[in-house]
Amino acid sequence: MIRVQCEDFDIGAELEALTRGKTGIGGVTSFVGLVRDVAGERRIGAMTLEHYPGMTERQLADIEGEARRRWPLEAVLIIHRYGRLEPGERIVLVATASAHRQAAFDACQFLIDWLKTKAPFWKLEETPEGPRWVDAQASDDEAAQRWTKD
Amino acid sequence: MIRVQCEDFDIGAELEALTRGKTGIGGVTSFVGLVRDVAGERRIGAMTLEHYPGMTERQLADIEGEARRRWPLEAVLIIHRYGRLEPGERIVLVATASAHRQAAFDACQFLIDWLKTKAPFWKLEETPEGPRWVDAQASDDEAAQRWTKD
Amino acid sequence: MKLLYFAWLRARIGIAEERIEPPAEIATVAALLDWLRGRGPGFAEALKDARVVRVAVNQEYVGWDHPLRPSDEVALFPPVTGG
Amino acid sequence: MKLLYFAWLRARIGIAEERIEPPAEIATVAALLDWLRGRGPGFAEALKDARVVRVAVNQEYVGWDHPLRPSDEVALFPPVTGG
């Protein structure tokens, strides 16, 4: 399931809804991305997440489909926020549920790695020197790249 | 932080408390283990988790310490329940927070792998043929083993 | 053809969304980029380094040689930084 | 010496916890296991396959040659299955 929203989310309630009644699930791996107050040397006051409505949902649904093809997953949830977020706020939740924990871990990591290089979101940081668009990181490309070697 | 308890836990509230005020955290990886209603061919009505009070907390604290030595972690939480649990109930929560997501993922997986082979818990399943102690799995030993190759 | 710009591409060009009718010979994404660069200094500056320009046609990533039709929705944006 | 048994070892031996005073020559974990096997059929059966017996002394895992003192807390249990 994919959700792109401005509002915050409750991780406990989301995971509960995701797994309720599915008693074949042995493990749920989740990743939550938070806004940090530093990025490299820069202090960050807040950031604004811009996205491409429509394409975002399509890309996330494609990524979810790819994960379901690769691993035996009982449930998948991706929630990504947009708008202005302050340090400590939640940006993204990725959760995967499977009978076995290794599939849940691998799929969760695959989803966040791919999301970071495919989903059309852009971060504008508020710094003491003014607003600054975040550069894409080579480390994110490398993280996504390892999933293409399979 | 380590907790061994009979009661259930609220994942959202636990993760919120774990990360509150720590604005250097960029990502939180968590794993939740749930009681399944099947194990191999057997249908499971419920299970009872027995543990070794005292040694459990020591082993979990040792495992947490080892993870903190290996990865730059801002926060670690392990909650493990004992007592009788029904299918769908939460057994264990492992959560790791770090500035960078790869450390959070690796440390979380390390913790659950080591916990499964080191923490003194034993599962007694209720099956249609009567109670049955769960056997240790070779796959769990292998999963833990990979962390000793570093 | 509908054009969308995002993030610093949008900021440098100064337009979020527009409808254009490029000449019939603009048949690929690469040709469209060249044509856009000629529309003014904001475009030329924003699109000068194609290595940091990503293109989606009808909300799917495409390469430089992707063909274009008048009914397409074409989005130009920098490498993504979400998550 | 305090002895603790867990899981199916406890169930087969029929004791969760006991205080024992083994002879002075029982100086290692391996010697203790041999001595315990001689205490009755429940012990012999539960401890017959040492490959599925884990031992902790004072709440730390130890090997078969670990030395024992009268003040030790010794726990015997099967391979763990939590998580």
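We call the chains A, B, C and D, going by the order they appear; numbering starts again at 1 in every chain.
Please note the rule applied: a residue touches a chain if its C-beta (ideal position, glycine included) is under 8 Å from a C-beta of that chain, and two chains touch if they have at least 3 such contacts.
Fair warning: this is a prediction, and the values are worked out from it, not measured in the lab.
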*Intersection of contact partners for subunit A and subunit C*: none
_Please identify the chain with the largest separation between its CA centroid and the CA centroid of subunit A._
D
*Can you check how far apart subunit A and subunit B are, centre to centre, with Cα atoms defining each centre and the answer in Å?*
23
*Just curious, how far off is subunit D from subunit B if you go by their C-alpha centres, in Å?*
26
*Just curious, how far off is subunit D from subunit A if you go by their C-alpha centres, in Å?*
48
*Just how far, in Å, is the C-alpha centre of subunit D from the one of subunit C?*
73
*Junction residues of subunit A, two or more chains touched*: 33, 112
*Using the touch rule from the top of the page, what residues of subunit D touch 2 or more other chains?*
none
*State which pairs of chains touch, listing all of them.*
A-B, A-C, B-D
*Any idea which subunit A residues touch subunit B in the complex?*
10-16, 19-38, 87-88, 99, 101-102, 104-105, 108-109, 112, 143
_Partner subunit A, residues of subunit C touching it in the complex_ = 4, 6-8, 11, 56, 59-61, 75, 77-83
*asked:* Applying the document's contact rule, which stretches of subunit A touch subunit C when the two form their complex?
replied: 33, 49-52, 54-55, 58-59, 80, 91-92, 112, 115-124, 133-137, 140
